[in-house]
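Naming follows writing order (A, B and C), and every chain is counted from residue 1.
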């Protein structure tokens, strides 16, 4: 038994969980082509959720600040990107792949810029005065969420909005009897690229070193001569921008978005960071992939249980590991 | 002089007693259907807000699952009244079932997550409450789904029921108010709410309340002195859940309708939060003031905003922002400003005035 | 020459007054030992110097400059290093990362690094290991090494011998002796035997006040005074 745990730990420990889930699902589903489609969908969904959740987790880890208004950025990103794409509908329909890509690039860039600016505003105006006061922090960010959601409603209205997709991301790739939507592959690759970039920044750069140290022990980083509050604005802006990017990608995935999107995703995002463990990028990725896979598998096997599955997953993992799968070292 | 008997405290207490008197005589003071709705809603929300204040104000834990417990109580009564027909047996069964479910869920959440950080707890309650909300909408065979459940209240509370009749066999009037089932229903709501409120008031004044304050002020020290912080918190969480559940049952009997929007939705959670913060965290008096102000605003401020939106309809953006549907926007802004500048809320701020230093 | 002066420092933590009146002059050079019973305010004194708590009223003067209003990071940049009681090493970071983080430029000065290798050979051995996997003694070495990786004028060290094996305590004493030749050390200790071997000047803090200052030699000779100020029964 002990040997087995050691072997598992050497092979990656909790990182194997998604693989195990996929394997169990393979047996239960029984049809390889369905399983591939579901797995790809789960991975793509997981990666988009990872984008939305990573900022929340990092900000919490570094500054002990949990921004309940985070999901407003998800909605904001979705609507900004959708507006830009609608505005550039001519480019999207064009045969030129260059115009297609440009339109998408501009939409995602717009979402990112709005996220950075909004993050700056949120950090300096809303959260700065209530550092270290958890109760007021929760209340203030919750209030900010209400205001932000209402503003989004005021600007974009309450009716669902159709999101045009660039031509080159429409359709599916057919391999034998397996069909994979191109947009899902794109979402997966983009999420992966962001993860790799974050991973390298955190592990290979001096800023990343400061962030990792700050997550563990903020006071000590300051005692070594670094102003962590300045670093924090940057991380907060980055985290908000990742959320808007995630929202923008999600808009393209859903193709029809409504202002309740942020509130719906917030629950998933919270479950992901709780499962993954607050403060670590690796944990957030793991949690997001787990939620994406389990959601898709259960949705196929037992459609009625799809929503409860996230909750059951969270409860099960919390009972096993009360601080999540891979929390940051504290 | 302490905070308890400052001039400010006196003002707050007189205000609350005046509100209490107004609620007691509400059917006679405000003789229209809408006002009675408002008064009943205030009664129920005073209980709901006071029980939430037990958590946030007295114990320092933030839960987003309070409407869930409110909903358990309401749905318990609704389902029982629907299935068993209108009767006190159904009210008892439904109310108890709601309380039982609330208790089980509260204990589970409490033991699982109250030992961790406040923020973690807030997140978990939010997640659980959201899933329950979705489940209530989905299990439509049982809960009526999005449409909710309509049912009949016990015989005594029917508008047609005559409590007293004059010699012609018509319903007797007292100061112009018909002594009918509707009146009985209102006093049922008033009396049960008052009883629950008084119970909670006694609770925070008891030695338990003192322990809770000690835990809120300094958790580590309370733990060091030997208080089992997790047990106390779980206990309070359960008490608050039971009170919210009962409030739900009472409101379900009054409304004769239970649906996700009126009993479970996240906007009710936000209402409760606003009421607690506006009234003042950590004082039961504040719960009364917050509930009254918010419910009045809900019913009457929207009309005002609608008028303002119409008056400004020629201007850009402004009418959109003054749209009655946007009233949450303004409440949100007020909420943020209150938390920044008056974290003790109306009652807390006034009570601080007039303390001799 | 005076390096650090604490003037009538009073520090409250939340509503509790922890330091009532701490006035102390630390001369440049050598090891200055601050003794005191548990809860006397030793750690709070160090944290107040670092700006991690704010003394008010009262002030901290370093090289003639009032630093009591400065941000912790600026205090550090004035040349004060801090080794807290829990050592404050970053467990998820390797020894190398812990040390490189503490450098100003992100690059090691070879001479200083070699000096650290000489003082604490174990750090060289476990160079690439994550700090959480080190022993208590090794973590303490890392914490001290981090404080001297850049040239500093003053190092505040909080109870470095707590929970360490006697052989490691001896090695630590040797290291401190050598460091103190170039850098002043303000050492907070409960282990009187360890402190005695190092300190030139000393002070005793009791219930948030400085109860005694003088030379270590005099204090070590005065058994009655030691009993009065340090023993648990007093």
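Basically, contacts are C-beta pairs under 8 Å (C-beta built on N, C-alpha and C of every residue); 3 or more make two chains touch, one makes a residue touch a chain.
According to UniProt, the chain labels map to these proteins: A, B = Branched-chain amino acid ABC transporter permease; C = ABC transporter ATP-binding protein.
Please read these numbers as outputs of a predicted model, since none were measured by experiment.
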{"item": "Farthest-lying chain, centroid of Cα atoms versus that of subunit A", "value": "C"}
{"item": "Most heavily contacting chain pair (counted by C-beta pairs in contact)", "value": "A-B"}
{"item": "Cα-centroid distance, subunit B relative to subunit C, in whole angstrom", "value": "54"}
{"item": "Between subunit B and subunit A, distance of the C-alpha-averaged centres to the nearest whole Å", "value": "35"}
{"item": "Subunit A and subunit C, separation of their C-alpha mean positions in angstrom", "value": "43"}
{"item": "Shared interface positions of subunit B, touching two or more other chains", "value": "none"}
{"item": "Complex interface listing, subunit A residues touching subunit C", "value": "206, 209-210, 212-213, 215-217, 219-228, 328-329"}
{"item": "Residue ranges of subunit B in contact with subunit A within the complex", "value": "56, 60, 62, 112-113, 115-120, 122-124, 126-128, 130-131, 134-135, 138, 266, 270, 273, 277, 317, 320-321, 323, 325-326, 328-329, 331-333, 335-336, 339-340, 343"}
{"item": "Complex interface listing, subunit C residues touching subunit A", "value": "50, 52, 71-74, 76-77, 81-82, 84, 88, 90-93, 97-98, 100-102, 104, 106, 132, 146"}
{"item": "Residue numbers on subunit A that touch subunit B, as the complex places them", "value": "60, 66, 68, 126, 129-130, 134-140, 142-144, 146-147, 150-151, 153-154, 158, 263, 266-267, 270-271, 273-274, 278, 304, 307-308, 310-311, 314-315, 318-319, 322-323"}
